[in-house]
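Consider the two complexes below, in which chain A is the common component and chain B and chain C are the respective partners.
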Partner chain A sequence: MVLELQKPRPIWQIMFSTHHTDIGLLYLITSLAFFFMGGALALAMRIELFLPGPQIIADSMTFNRMFTVHGTTLIFLFILPFASAVGNYFVPIMVRYKDMAYPKLNAIAFWMIPPAGALIWLGFADFTWYAQPPYSVISSPAPAADMWIFGLKILGVSSVLGAINFVVTILKCKHPDLPLSKMPLMAWSFLSSQLIIIVAIPTFAAALLMLLTDRMGVSGFFDPAVGGDPIAYSHLFWFTFHPEVYVLVIPAIGMMYEIIPRFSRKPIFSHSSGVFAFIMLSLVSFASWAHHMYATGMSFTEKTVFMIGTLAAVPASAMHVFNFLATMWGGRIKFATPMMWSIGGIALFFSAGAGGVVNSAMPLDFITHDSYWVVGHFHLFVMGTIAFGSFGYAYYMFPYVTGRMYNEKLGQVHFIFSFVGAVLVFFTQHVLGLFGMPRRVFDYPPFPEWIAMNQIITFGAFLLAIGAAIWLGNFVYSMGKGKPADMEDPFELGGKYYYPYQSKTPHHVGY
Partner chain B sequence: MSEHGNWAEWVYIGVVCALLVWVGAEAWNVERLVEHVPADAEVIKVTAQQWFWSFEHEDGTIEIGELHVEKGKAYKFEVTSKDVIHSFNIHDYVVLIDAVPGRINTVWFAPDEVAEHEIQCREYCGLLHYNMRAKLYVEGST
Partner chain C sequence: MRSKIGLLVVFTILVIVPTLDYVFAQEEPGEYLDRRVVIWNLFFRMMVVAFTIGAVVSGTMIWLIIRFRESNPKAKPTKYEETGEW
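And then the complex of A and B:
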């Protein structure tokens, strides 16, 4: 592993580099920066909702723009680039190749992200991250909406370029001595998630263009006033974005597969069932998109089909959970920071999945749909599972990237604040949804239960924010002043067999 | 899996699948019953627009921002929108259906108690989405 921060280089050398670890570093810094920006919006929204009536945000339009940019940022500018960061660092090493297959393309894919981020943040659109027509066609103010559309367009191209690069690197540049079946599960997670991207993204790319021409008034695909159909957009959108949620979650599971066996000091319980579950997930992810659309007036048959498609994805996810628990079972577990995040992430992944089964059962969805339940549900995935897995991995790769150790105590404090915060925020949001509070609201009527629950949620959000601040301080300080890491075994796990697929180069710990 | 000869994983997957089949079958059955609109249901036309609700009864009376119905009767809502997508929601009776311009979606309910309930919009529709509310008054039969 290249130690970028130990031998300082001028920043432009990293910026114009096409080496995979440099691109990885650029992705890493960008994604974390966007995490803090999106998080700041979340905190502002939570303060606003602490009490009914306007608090700190001037008007509902500002609030609507904030949740739109918050959601867009955290999905497209935090989670996805974070996965690309990890993939860039580790996938070439895992398949034993010198770099990504197409280094220049790799750099281009990264450099599309900052301009797209700028378009989204400078525009500050208000039509939620669904951009649902006809609202987004007839009601959403320009130029913000158009800037968002172009931003997403660019991000889509960037994702597809990155995905092609990963798939080719894995399938074509893999060392001939390493059969696919023996490839580490994290590399498998990238292979399956990037294949999903290639199949799923073009649909939304088309929908975005149609949306743009609708907004320009030269077409009417989605505008019923001129004979279009807004529900067609929903289908195109969710055909891309239901699979996309697996694109987000699969690499995070892959990261846990790196952490859990090492910190349990035991080989993975079953490599083959991990592979099988990844393949299953990527296939069934395409069978459930319209479970987001039960309330649009679908027929009973359509609803039934998509309910079955949705439930079909559950066994594969459950297999991953089993694999993790069975790996930890009887292991000498070391509860260091990366491991704590992974365990917490698995617990919340399980809860999120259980909630998902409820959503997919059609009569129950009419209770939960578009209420705060849904906000709690998907945050258990995006924050509780994906961000937790990613944070754990950020701690895990910290010594390999910087050559130094972070402060372990503070890492654990970060985890504890975040875990308690996440439980308070996201579980309470589920209950608030059952009490009927709709999502995407700037204000709410002063029902006593709603007020009490909103206050608990905001309190939890502060715990999350404190944790994040501790994290930032820890990393920034340790990057320069942390104690030098023992690169053979930075986490003091001992023994080479904790790196099962490393038997060829047992001493090369950071791969 | 086979290299571990593991029965525990198979049992676990079996239990998960059985639970899923049960949830699916139960959901299918309930939804089938819930969707069956009684033949004598009175029709109420619901129109959403930014940012209020209007209701038209069978006898032609129009109400805006409030809806009066009688306890013990069944009502079928024919829901549509004049501008963007909204979602018609009486949470206390699990009534939820999108109001989509250019389409009429139906949903029904039969209030069984004299009470007041909240009607709200559950799909983001812009500036005053958060305040797109109406009151439902369930009254005793006269």
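And then the complex of A and C:
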């Protein structure tokens, strides 16, 4: 790979490059920048909820804007681009091709992200990351809402272009000597997740257009005042965004598949069961979207179908967990930072999954619907599993990107702060939901239990923030002054790595 | 293998069937259902299942971490380390 920082180049050479590792670097920097921006919003919201009554945020509208942009940023501008960063770096090398199939398309897909991010942040819409109709149609203030819609539209196009590129690279550009059955599981994770994107995203693209024309007053798809149906939007939205959960989680699991065997010093226990579980997850991701909508008056039959569809994800998810555990069994495990993040991610993945099983039972869903339980549940997935896997991989690829090693102790401190913080925040949010606190509220009545739990959550959020600050400091310092990494074996493990510097065409820049 | 499948079937019956039964009961006329009691009962039962499985998996993971860490006195190189093939 490209030792990006050991061999400095003019910034414009990287910016206008079409080389997969350069695009990967751009994705990486952009996604991490948006992580810190979205995280800062989360911290501000947690400070606000530390006590009942207004604290630091002026009014509920501002609060609504903050959680809308927080969610949109972390899902679309942090997690997805981070996965693209990893995929760009490693997938062409894993399939033994010189680059992505369409290098220029790759660059275009990346360069759609900054303007989309700017639209979302400059608009600062207030209608949740779900763009809740009919509010989003009738009274969400312009131009913020319209900027959000355009931003998401651009991000959707970027995702589809990226997905086409990954799928073509893997299926058509893969080395003839490398059968799919031998392809690394991380490449498999990208194949399955990108196929989901291609199938799922167009539905939301249509929904966004309908929402936009509704807002312009030329249609009324989701406006009940003119005969429209907001529930139709829910179906269109969740048909895309329940599979999208798997688009987020599958690459993170793929990253763990790269880290866990490496640090256990033995091959993955069962390659074929990993492949099978990825395919299963991709399929069942489309069988469960309406479990978000049990409370919308669906018939019992519909609810049962989606309950069973939801539960169908359990065996596939469990296969991944057992594959990880069986890989570690009999190994000689080195607990370097990437491995700690992966194991933490597995533990929280299991906890999040257990909560999801409970949630998928219809009667229980009614008592947790729109409560803080839901916030805790999906954050446990998104932060506890996906971000943990991604952070682990960020540490894993750091020496490849920079040619230097990060500070190992600080990496472990980051993990410990984040793990304790995640448990305090997201587990407590589950309990707070059972105590009846609704989600998306700026203020709450001064019930002692609610106050205590909100304070625990805010304390946990500060631990997460401290961990993130340590991470940032560690990476920034180590990029310039870290110990030079042994590029053959930066973690002193032995075995075969997928060395990004083995990229077949280092810097075939297309600027 | 057969016993494992049997065990799976038993668990499925224990968990799924009562759940469906309760929900059907809501739509069948004449059948009384105290939703509050039934829902919380279901919640506690599912939490018991979730926590039991969670405890087994977490316990296994903790044991693996302790037993197979490289600093454990019993740790020895894996057979793959000699060839470097993994």
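Structure notes:
The rule is simple: the second predicted complex is superposed on the first by the 494 of 511 C-alpha atoms of A that agree within 3 Å, B and C clash if a C-alpha of one lies under 4 Å from a C-alpha of the other, contacts with A are read in each partner's own complex, and residues count from 1 in each chain.
Everything that follows uses one rule, which is that contacts are C-beta pairs under 8 Å (C-beta built on N, C-alpha and C of every residue); 3 or more make two chains touch, one makes a residue touch a chain.
As the structure is a prediction and not an experimental result, all values here were calculated from the model.
Aligning the two structures on chain A places chain B and chain C in clashing positions.
Of the two partner chains, neither chain B nor chain C is touched by A:Leu180. Look at A:Met362: by the touch rule set out above, it reaches both chain B and chain C.
Looking at the shared chain after the overlay, A:Phe269 reaches chain B, while chain C stays out of its contact range.
Contacts of A:Ile343 after superposition: chain C is touched, whereas chain B is not reached. In the superposition on chain A, A:Ile29 makes contact with neither chain B nor chain C. Residue contacts after overlaying the shared chain place A:Thr304 against chain B and chain C alike. Legend: residue contacts after superposition of the two complexes on their common chain; A:Pro230 is shown touching chain B, with no touch to chain C. By the touch criterion defined above, A:Gly330 lies against chain C but remains apart from chain B after alignment on the C-alpha atoms of chain A.
Contacts of A:Ala354 after superposition on the shared chain: chain C is touched, whereas chain B is not.
Chain A has more of its residues touched by B than by the other of chain B and chain C.
Remark: of the candidate stretches 21-29, 39-47 or 75-83 in chain B, the one overlapping chain C after superposition on chain A is 21-29.
On chain A, the patch touched by chain B and the patch touched by chain C overlap at residues 300, 303-304, 357, 361-364, 366-367. Across the interface of their complex, chain B is touched by residues 60-61, 64, 126-128, 130, 132, 134-135, 138-139, 224-225, 229-231, 269-270, 272-273, 276, 295-297, 300, 303-304, 307-308, 311, 314-315, 318-319, 322, 326, 357, 360-364, 366-367, 369-371, 436, 438-445 of chain A. Residues 261-262, 264-267, 300, 303-304, 321, 325, 328-335, 343, 346-347, 350-351, 354-355, 357-358, 361-364, 366-367, 494-496 of chain A touch chain C in their complex. Chain contact summary for the complex, chain C toward chain A: residues 19-20, 22-24, 26-27, 35, 38-39, 42-43, 46-47, 50-51, 53-54, 57-58, 60-61, 64-65, 68-70, 75-78, 80-81, 84-86.
Within the complex formed with chain A, the chain B residues making contact are 1-4, 6, 8-9, 12-13, 16-17, 20, 23-24, 26-28, 30-32, 34-35, 50, 83-85, 87, 89, 91-92, 94-98, 100-103, 105, 118, 120-131, 133.
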